[in-house]
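Consider the two complexes below, in which chain A is the common component and chain B and chain C are the respective partners.
Coming up: the complex of A and B.
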């Protein structure tokens, strides 16, 4: 694999308008939260260096995008070369959960990923700090339907977070970093090492377990 | 207050008098003529019609003499009140207390035998003010009329004038050596202060003793050929934070992004000087770091992180490359252009001085643009040029913007505007009523989606402004442009009135009927709002702030009014400044609607309007900044995506609140071009050209750098730069056209050496709005 010490990993955050994409990025990178984040127009990114388990240092370049669909047609420049994609929904907004699949499809079409079926995604359900009564009714069941659906389901690690109260944000992005690093190394290594990828998936599933324990 | 006597046409109201002013027709003291210098207003006269008169005492009747005396002293007590208010102009209170006792017969225009004279303010071109020298000579003023006539010199015998003596006494008692304006106090300066309340008086920069009265821009230019442009710059520089160097160890340990971010931060502060600064001021270790192989290696490493251009970006790039030869002029032509208008000097001094910034238009100056019936008495072009070069003071924006946005025609009278406003009110009422009363519509899925979008965005637009914060008792009035609205405790009466009117705005006109302002079913209880703690961000429909609520109503109505376009993200940014200025639901709605006419192309579903503008900007950059364009091409940044946000909401996110208002009113004038915002964008690039070329090498570097310019841009600098760029652009097109016309067609075919200017690029010279309407929403497509 790559012998370099530092690696730049490109991560894209997608999801409906208002689910908290900017807040998640800000909480992870700058450990801050504000009620006054404006609707994102265009695209921007922040970078953060983290050290993964094996002592490897990576730089995450996290791209925050606009949630309004029509602006995506201009934002796709940033999908390209992505190493991981974070699909976000709002645990109080059922529509944002149902739209996850179309965000994934949109990404795969626009990013031109070489191996779409294996591209690493992760799902983040944000705003778990809100009152239980406001949350999507029987969320877990609906979520399972979406992730376990055999036909094109979103079988990806799921994290439930609160960007506001800094709950589970860091663990989620640690998994993002691991997945992105594997993707990056896979791309570097070329097509002849596709076998390695099964391991990668196993690791994903493990991290899913720890992520959902919250 | 004394009942006002009805003024006859041969009578005037004395606004101001100064006693013991003299004409000195000969050098002999005994020939001196003593009289009153006065400002007076006839029936129905505007500020421009106010008379400046000299009236000899001996030409006044006993009764009138008494009135002149009283006004002389009365002004003093008024000014005393004003003085105690620390320099607040007392013009407001003065007008209120003008009673019948101030009415005198109109001063005669010019009577040679009595040495009186009288001239309307609009006829005065300038006043030369000569200060007194105690013990040597009296201070005096010389009035020059617009047709070049010099009126007799008026001398101020301050030692005899009761008002001046008393005034001086008070000033001496209060003398504060550290107070502002250590200027000598004398009758003439007091008179000029009084005049300043009714006319726009500007000191000439060429000759400090000359004051121009209501000058037009040409006068100002002649008298002030070069505005002290540097002044602001040096002031700003003085306040600049000391040049902070990053921690060297951290610097080394961090990735290249950090290096870049650091460079970007100090480079924006110091503009184009970053490289010089590093060269001159940075300790050697920093210089070494920049040259260190390790740092260079970091850069190379990141080059391997692939940066791809998107489908669309690729398409733009393709087209750009294709058109590159078309739009980018060859060096030969640049040389030719430069030779023709002098090397490096493509613009004349005249043009350069045109581009200087002037002070904002004050209320007094604005009112001087209109006659007694409220009709504009100068040309629309003049007003627009004035707004373009100075902007508006905040106090008149609410009025002036209605003209700029096309709500009121420039040639309307005050009366016509009252009628128009009423029809706007009722038209809005009808529009709104349509969705308010249509329960079926409101239960449609699409409607609910749009409503949710609007509410979500309303809840996160400009919430730093006091007016949009909760938990406060807001006053409907009282907006301070710099700090946003001022919070003032409401009186019981105001609160009562506001509650009764529920969602209607309080300050506007008679047509606030319940019907025209029908509220939607979720109208908040405003008393409850005052006690609310915080927004419930998970129940966005529950808007408690009445101002936010009215913005919601406006956008819901617009969503129905322009049904194809509906609501799209970014519109709240465009609406909020209008709302804050007007605070009237129907006027804000129509203004927004007019604004959206030109902005609609930014929001259409397929984004073609934005693509088109960014392609045009790409062309413009090639044409005007070819070196930078070549560099951006190397950085894979010719799609200019970093301008997306700036163009979409007209730099709303890039400037502080007050600067946004200034920029927009300038853009609304369409003085040079209806797409002048592209020249603002060009000026941002031009301003950062050197930094970009010397520091940035990649797509994401450029994007990050440009994004981070937000809130660090200097509007005044950019306005000057953009105007110069525009004038240069226009001149280049001119020269190319001339060059082309010299080349004859060969055998009926176009001469191949003809340089083609694309219609789009040439279109930048047009003041016609570019209108692109959204098409009908296809079946099954949502509003996203």
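Coming up: the complex of A and C.
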């Protein structure tokens, strides 16, 4: 892994259907917004090279996913090896806010992250361009409630964005990049002592053993 | 220049089109064609409008047919010996005009008037002028086509609107030229602009379209001859789409693979998929469901609502704002696009009704694309039953709540790639970590490429392939069944492999993550460039010079599906029993992610003689290619 020529950071965007995952990705990567995005089936991704403030060049590989619950079972293949996960909700849709925790849990199960408690998540509330009256009432309170109780009281960075008007999208992804880089370096450092890849193989052997015993 | 002057209420219905009749601008084969009236426009819900006695006679007629075809209709019965023997659907073509309808007569009268306007309206448009100018022209041809449909009708129905009228008949020279000039294709899809990175530019589209439309003309003549030989009213087929088609046979199959004339598509798909049988068995059911589900709010309708405008935002029948976009591009905002088109309303009703009728499926994203495309070719009720047929018989469980069918079919596809395109499997059959998946791991941990290919199955290529190519695949799908999806998928995969761009990537392919990702992206974008359907179809089916995937039989697919399904079931039960054992969350997670790879020992054995057939074909074709080169 240290043999990689350039630093590739894998980012997964999760969240309910229609919260604007595709729009966020498109806005960040291509600086454009369209009313004409189609519902995402399966998964899609785009890459963007950015420079982080310490001058380090990284390639962000951003995975956009289908939001409907049943599609989660298809995601296994690309959750693995993620360096950061973006949890999205729609500031006009309370349900999407309430689902953040289940997206997080599902991700941790499928990604087999080696340090689930420390895995970097970031929360994005999208569509702040809409009329104030349409927004979730007392949003801040509800969001705090969710991060404290369901997301384990962890201080994940929270951004409110508008993919449509390009508000806060770039800053959010800059943070994503930094967090992902940190995670990647952490993984690389850990690889010398306890390579998570080898780890997986060990576990595999064990499980086979226990399977036979049954 | 509003596209839809439709009555705001859902009770008034648009009485049908047909007057897409255009005064012909003379062309060589004109004689027969003056005032072509392509569209059988059964009035919405017309099967209910039909004289009840006629209906009951039809029922009787169908009773015997149904007995005959009961076997064919069964899930297992989607069997076909290799590439032969399509004899089974004999006789299903009788007495199926339940939907034929008198409304055609009404609309027949408004003939050339609109047509001439189409012509003159655009004659002034300088072909070389700016985008906006062509846009005006394009909108007008479509809007006129639509407006002309909007004759006042006093008949009421809860199922208004027949969108089949959207297909422009390009054998009419004026329309043909118009499609060329327009920014929209004949189905109302916005032609790809040059900005589009993935697809195909409008220019390339036009170059191709000129050739392809000549092909379509020749092809339609073949269809007309076929109809005539089968005693199916020649006159009928000249004036409106036939409702009956010849029984299945090798000859018909061949012609189907060459493509069904666009303006006959809806009826032909419906006919060969067994739609008439289904509909006649369930008379009035759709209307009832629509009534029952009106105003319902639940988990499914929530997702449906979000997807309605995300289905064909690039189609003028689904997105009204496209029409006005050239006028106020800058101020195009949500309000401009808010006005709902009739197609959107139909789409909502169909999807909500479907979710209600098939509760084990409910609503699954991608059904919107399937229903959306069907709605361009047939009216709501038929569209609904086609969705039922697709999800019950052709790709069962693919859209079910756990997407089990997707996993199974992807497993089957991967086994097929491994068997038939081993070279490609060497590249794709790896996980993102670059680890080559052995046979026993394929099914537990599908390779990443299945994220691309699963969408091919769920959407049956809608949005994956260019529209015209998708339609040709659909022609085959409704006639030949699910094996077509596998055959076409394999063909696309092999075309990828043979593409030089892929090879340059593939060679780098040490399996490093970054290469896997690039290949993934390539596989995802490549199908969008297959603008010429004939290349895809020929590659798939041609015995000489093609890949020979036409010999992958439904029987083989079904067996393979069964195998994969069983393996997965075994795995699941094993998983569950292990999971019940006491262990920490961490252990459980580790175990889960290890994928239980060791648990699968069975290996599927393909019918080898088929393989040798492919090899043989390949061999011959290579020799032939060399010969031709000389």
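One rule holds in what follows: the second predicted complex is superposed on the first by the 181 of 214 C-alpha atoms of A that agree within 3 Å, B and C clash if a C-alpha of one lies under 4 Å from a C-alpha of the other, contacts with A are read in each partner's own complex, and residues count from 1 in each chain.
The rule is simple: a residue touches a chain if its C-beta (ideal position, glycine included) is under 8 Å from a C-beta of that chain, and two chains touch if they have at least 3 such contacts.
Fair warning: this is a prediction, and the values are worked out from it, not measured in the lab.
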item	value
First, second, both or neither for A:41, with chain B first and chain C second	both
First, second, both or neither for A:33, with chain B first and chain C second	neither
Contacts of A:92 with chain B and chain C, given as first, second, both or neither	first
Partner chain(s) touched by A:127 [first = chain B, second = chain C, both, neither]	first
Partner chain(s) touched by A:73 [first = chain B, second = chain C, both, neither]	both
Interface residues of chain A shared between complexes with chain B and chain C	4, 8, 17-18, 35-39, 41-45, 47, 61, 66-68, 70-71, 73-74, 76-78, 80-81, 110, 112
Interface residues, chain C side, partner chain A - complex	302-303, 306-307, 309-314, 319, 321, 332, 334, 337, 364-366, 368-369, 401-403, 406-407, 431-433, 445-448, 450-452, 454-455, 458-459, 463, 512-514, 517, 520-521, 524, 574, 577-578, 589-594, 596-599
Residues on chain A engaged by chain B in the complex (per definition of touch)	4, 6, 8, 10, 17-18, 35-39, 41-45, 47, 49, 59, 61, 66-71, 73-81, 92, 110, 112, 127, 130-131, 134
Parts of chain A lying in touch with chain C, wherever the complex brings them together	4, 8, 17-18, 34-45, 47, 61, 66-68, 70-71, 73-74, 76-78, 80-81, 95, 108-110, 112, 116, 197, 200, 203-204, 207-208, 210-211, 214
Of chain B, residues touching chain A in the complex	254-255, 257-258, 298, 301-302, 305-313, 453, 456-457, 460-461, 463-464, 535, 537-539, 568-570, 572-573, 603, 605-607, 610-611, 639, 641-642, 644-645, 648-649, 653, 699-700, 703-704, 707, 782, 784
